[in-house]
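The following blocks contain the structures, represented as structure tokens.
Look at the two complexes coming up: chain A is in both, with chain B in one and chain C in the other.
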Partner chain A sequence: MIENFLAGTATLFGDPFTIGIFVFGVLGGMLFGAIPGVSMLTLAAILLPFTADLSPAQGVMLFAVIYCTGTYGGAITAILFNIPGAPENAPTAFDGYPMTQKGMAGKAVGAAVLCSAIGGVASALVMMSATEPLAKWAIMNIGPPEIFALVFFGLAVASSVGGRTIWKGWLSVLLGLLIATIGQDPVGGINRFNFGYSDLAAGIAFVPAILGFFAVSEIFIQAEKNVSGKYTAPKFNVDFPSFFELWAHKIAVVRSIFVGFFCGILPGIGATLAAFMGYGEAVRWSKDKSEFGTGKLEGVISSETANNAATGAAMIPLLALGLPGGALTAMMVAVFQMHDLEPGPLVFYNSPDLIWVVFAAMFYANLSILFVGLIETKTILYLLKIPFQFLAPMILMLASIGAYISRGLVLDVVVMFLAGIIGFLLRRSGYSIPGIVLGLILGKIGEQNFAQGMQMVHYDLGTYFSRPICTILIIAGVLTLLKSLHSAFYQKPKVQ
Partner chain B sequence: MKFNLKKQFSTLALVTGFAATASMSIAGECRVADASMDKPGGFPDRALTMIVPYGPGGGSGQIAAAMAEAVTELTGVGINRDHKPGGSGTVGMTAYMAAPTDGYNVLEHIDDASSAHALDSSRPNPAEDLIPLVISQVTFSQIYIRSNETRYTDWPSFVEWVQAQNGKATIANVSKEGSMERVIMKFITEASDMKIQQISFDKGAPRYGALLGGQVDALFEQPGDVRKFLDAGNFKPILTVFNERPGVFSNVPTHREMGMDFEPLLRFRGFYVHKDAPSDRVDWLKWAFQRAYCEDSYQTFNESKFMNVIDSYRDTAGAIDMINAAIIQYRDVYKEMGLDVK
Partner chain C sequence: MGKLSRPDIFEAVFWLLIAVIFFAVSFSFNQPIEIYKFGATGWPRVILFLMALVSLGNFYYAYSKGSKAQEGRVGAKENEEPIKYTSAGQYFKTGMVLILPLVYALSLKPVGFYSGTPIFIALIMIAWGERRVRFILTNTILIYAILIGLFMIVLNAPLPQGNMSPFYDISAFMLKTKTQFDQMF
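Moving on, here comes the complex of A and B:
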């Protein structure tokens, strides 16, 4: 393996043009990943035709690098402005933005940079050492019932985040689940709650909903404070977390690597579920769950480690089996095909050089997050010095563009503002915005896999319990729910 | 409820038969003589926009990219692809119908647009509300099993095994209401007297992974989409839903050979412009898209997707015939299935 890795490294850095492509991918991924709605997918789609003029290794490598750095890029705006660049950065905002409000933006961003790099590098190392056996294990053992059980477990674990009471946390999650049912049902294609409006057939898109619930509602809240004279600007701070602060969260990092990797390896799932599950596990193992959602460093660490740990893992089913885990890896298939190649078992025998250049590039791209990210962060934090009356319209404009540009539908801008208003009102009443977003995102994944799973077990729910992994996850979820219920009956409301 | 398939399709066979039995010898052949055409009134003097109602990574995204590249190679006119996924193509179609009809906007769509209109006539009819510029991919479906499968190895043994499972066998496909997949599976299960549970996966990767990993017993798909699994020896076809054996699948029996007497529904992908677009511009677009089909880059793409196995090309008239036939066929089938045809 080391020999192959060194050969891949030599190919990657042995040619100035290839180095240039690598650097472009690193910077482009970070930049586009940080722009809400635009995202790394937009960059990838723009670049796709041009990869025909590159060598196969350069083309696939470019997309792999964009995938790594783009997944990290959205964390910065999530932390500084409550604007997740992509759904996989949404859990980062849960605690990252409250940290900014407390004057700890430097710590949050620093942790995001470091943990994205750690998660990505660890994932790349595992990917390099065990792609084929891991892909085969995942494909043999994980089907729709297991993915549904995983989502159920994730919802049970993370549902209490951010609400003033556990009941309000749960109601928020249920609202998110309800919103997730808008649009065609995932297996039968039957329209639901679209009121004859065809644009709603696809349901509520993640990006405008997230922008509305997070960014727009935050603007409204800060504007209200501004009008009533209670507004205090976030304290400017570029202090990064100390070594000891990060070392104290070493278990959270390792746990998130495992969680992120596991989620990433599942075809069609990818980094979004990884980030939510990583965050949820941090909450579950915490002694004081109530601190999550209020600006806890561990929340940022868990989310960002997990989503980048999913990047290497998502390459495993792609390369070993030809099964892309998400939109960007699906575009990588197109890059392969442009060069008369097909990802899958044969690519390891037919094009080993290409594979190891890609592996090496992903390893170094994740390392680059550390160095480029730290430099970038030291400068981008100065945005916090912009006064609210100038910053708020800029954020609203950026969010509106982000909401519109992802699908080019005015509906998405309307959805964003509606979500902003609803989010504003619910937050004032102590309901949980993370809970709503959690329900929305996991609800769609969960419903689809539940329905597919029910078809597979011939609508006999008991058959779910004949599958060991599924059984363990469902029991763990039920126990978590019972514990949550127990706490709810004896919990005192948080004072805010 | 049993279908009277012979009766149902006897009147349609003349219309649709051409699609299924089109000469395979001319697949990929260029049928547009003019290598160039003057731009009418300077049109187009800027890039075209192609609305694609599916994501960039899937079959539609790939054909849109390949055709855009070929048109640009041929004419020098750029094409911006605007992906509007969702609602089985509904979102993209709605956006397209609301776009300016000046000829600068074109649409990629698949046979779903025809079946959607067949089910609900208020939805746009691709043969009347749109003008087909070209249909550039036509393909058939097959049923696949794992190559290392030991419980069954061919269609007869598969049917026997499925019948013995008493409805517990599973097949992965895209079985949304009224979809081509669901209709064909209905034909097959009725004709073979077997019950099989269809598991609906809307994305390819989980669908193929389900068969690879043994989560399902078989897969319904088109050959181009699973070519890498065929080349790698992971999957093997046991039934071709087509009226004759295509050359590369000469060892795979057709549904007719296996005693199933129905006209196969085909998957087709093509490009359209709004019916209200100026006629001279429509003529130029027809030439550009039909001639672009002949470009080496597009032919290479089609070949990589097994789209040269049968005749994948329909010009405007051929496309209209094909769409009309499909609409009639779907509508009759939907009525037989008891669906609410509007």
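Moving on, here comes the complex of A and C:
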């Protein structure tokens, strides 16, 4: 492994052009992740056609680097403006934004930098040492029933965080699931709920929906505060967390690495669920759960460690099985296909150089988060000093371009602003935007795997319980739902 | 009426309406799929059934306990106190902020990005309550220049050009200028 890693490193840093692409990926991912309104997906969508002119290793490496650094970059906007750069940063905003409001933005961003780097490096190391055995394990043990069970568990966890009551949490997730059914059904390709619009046959693209629900609705919330004279600019602060503050959360970091890696390795799941589960587990194991959501450093740490820990793991199903774990990894499949390659088991034998350049690049990209991120953070915090009257139209415009570029459809911009209005109204009424988005992302994956699983077990649900991983996940999901149902009936509302 | 408020009733009606309307629409694609017993409607109908059920739970919760946040809910703090409107002017201003972007999006096809964007940027600043003419003009030009510089010149991103004269001609002129600019270097 070390020899291969060194060979990958030599290829990566032996050619000035490849170094240039690596540096561009690191800075581009961080920058686009950290600009409110656009995300790493916008950058990736713009760059996709250009990768045809690069070598396969350079193209895939560029996307892998953007994936690592962009996943971290999205935390910045989540923390500073309550606008997650990507869905995987949504739980980061739960505690990160309240920290900004309290004048602790520097601490939150500093923790995000460090924990993203730790999670990413740990994940890259495991990925390098164990991709092949883990891929074999996944082939043997993970099938549609397990993926459906994990989606079920993830949605149960998502409904328990965000939303003013558990009922509103569930309704949020169900709305996301319903939106995900728009478009063709995953088994028969029959058009559903397209209301006569042919553009809706492909479904609601989740980039515009996410931008609408997160970025646009947040702008509307701030606008409403501005109109009613209740807008207060976030407090500016560049104090980073001390070593001891971070050391106190070492268990949360280790736990989130495991959670993130496990979620990342499962095909189709990706970093979003990892972040929610990492956050959910932090809440579950905490002695004082009531502090979460009010600006607790552990919330930021858990979410950011888990989502970056999933980045390396997400490469395992992509490279070993050819199954993408999210939007960006799906674009990586397109990069492979542009160069007449197919990701899958054969790629390890046909293109080992490519694999090890990508592995080495991901390792160094995660390390770069630590060094470049710390320098970048000091600068990016000054975004808080820009008047929101300037920032708001800028964010709206960037979001419009981000929504349009991915498919070249004006409909996507309309969908984004509609999602913004719906998100604004739902947030005012106490519904959970992250819940809607997770439902939207996992809905299709859940349905597809449920259908495949049902066909596999000949519609005998009992067979699901003969599969240990599936059983554990379903029981965990049911227990989570029962616990929240119990609290819905027997817990008193907050006294204000 | 228990502890119900008007928004609680509105919310219940909203969710039930969604469930009923979507359920009715689901009959339009209720075709069997040979390889899948539950067909195309199975999954969405389960979601709609659960939505109706949970909305009733939500209604009952609001009836018995009011609409305050449940204790121990994580990430719900920001939504605890929605802003109360005291004048029609506030409704109008917020309405403008909500509607303007939608109007911009709908105008993208005929007007295009290049012509519509500066107007929208200025209007949204006005809707935000900004009244300093110099601030609006300077920042509109600055934001427009950043967007054009980044997406049109550096990243060469394809943006909507519009299909209505004179907007289409303006877009064509900008793209032609950009091509000439590229050829210079």
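In this section, the second predicted complex is superposed on the first by the 359 of 496 C-alpha atoms of A that agree within 3 Å, B and C clash if a C-alpha of one lies under 4 Å from a C-alpha of the other, contacts with A are read in each partner's own complex, and residues count from 1 in each chain.
Just so it is clear, contacts are C-beta pairs under 8 Å (C-beta built on N, C-alpha and C of every residue); 3 or more make two chains touch, one makes a residue touch a chain.
The structure displayed is predicted, hence computed values, not measured ones.
Asker: A:A334 contacts which: chain B (first), chain C (second), both, neither?
Answerer: First partner only.
Asker: Quick one: is A:G408 in contact with chain B, with chain C, with both, or with neither? Answer first, second, both or neither.
Answerer: Both partners, chain B and chain C.
Asker: Output check: A:I190 vs chain B and chain C. Expected answer is one of first, second, both, neither. What do you get?
Answerer: both
Asker: Name the chain, either chain B or chain C, that contacts more residues of chain A.
Answerer: Touching more residues of chain A than the other partner does is C.
Asker: Give one of first, second, both or neither to describe whether A:Q455 is in contact with chain B, with chain C, with both, or with none.
Answerer: both
Asker: Using the superposition on chain A described above, determine whether A:G203 touches chain B (first), chain C (second), both, or neither.
Answerer: In the superposition, A:G203 contacts chain B only.
Asker: Thinking of the overlay built on chain A, is A:S400 touched by chain B (first), by chain C (second), by both, or by neither?
Answerer: After superposing on A, A:S400 lies in contact with chain C but is clear of chain B.
Asker: Looking at the overlay, what does A:A392 touch: chain B (first), chain C (second), both, or neither?
Answerer: Touch partner of A:A392: chain C, not chain B.
Asker: Overlap of the chain B and chain C footprints on chain A, residue-wise?
Answerer: Touching chain B and chain C on chain A: residues 187-188, 190-191, 408, 451, 455.
Asker: What does chain C use to touch chain A in their complex?
Answerer: 7, 11, 15, 18, 22, 25-26, 29, 31, 33, 35-41, 43-44, 47-48, 50-51, 54-55, 57-58, 61, 65-80, 82-86, 90, 93-94, 97-98, 101-102, 104-106, 108-109, 113, 117, 120-121, 124-125, 127-130, 135, 139, 143, 146-147, 151, 155, 157-160
Asker: In the complex formed with chain A, which residues of chain B make contact?
Answerer: Spelled out, the residues of chain B in touch with chain A are 55-58, 61-62, 65, 68-69, 81-88, 90-91, 93-95, 167-168, 170, 175-179, 197-203, 205-206, 208-210, 212-216, 227-229, 231-232, 234, 304.
Asker: Going by the contact rule at the top, pick out the chain A residues touching chain B in the complex.
Answerer: 41, 45, 48-49, 52, 138-144, 183-184, 186-191, 198-199, 201-203, 267-268, 317, 321-325, 327, 329-331, 333-334, 337, 340, 342-346, 407-409, 448, 451-452, 455-456, 458
Asker: Can you tell me which positions in chain A touch chain C when the two form their complex?
Answerer: 46, 82, 91, 94, 97-98, 160-171, 174-175, 177-178, 181, 185, 187-188, 190-193, 195, 216, 220, 223-228, 230, 283, 289-290, 292-294, 388-390, 392-394, 396-398, 400-401, 404-405, 408, 410, 413-414, 416-418, 420-421, 424, 427-432, 434, 447, 450-451, 454-455, 459, 487-488, 491-494, 496
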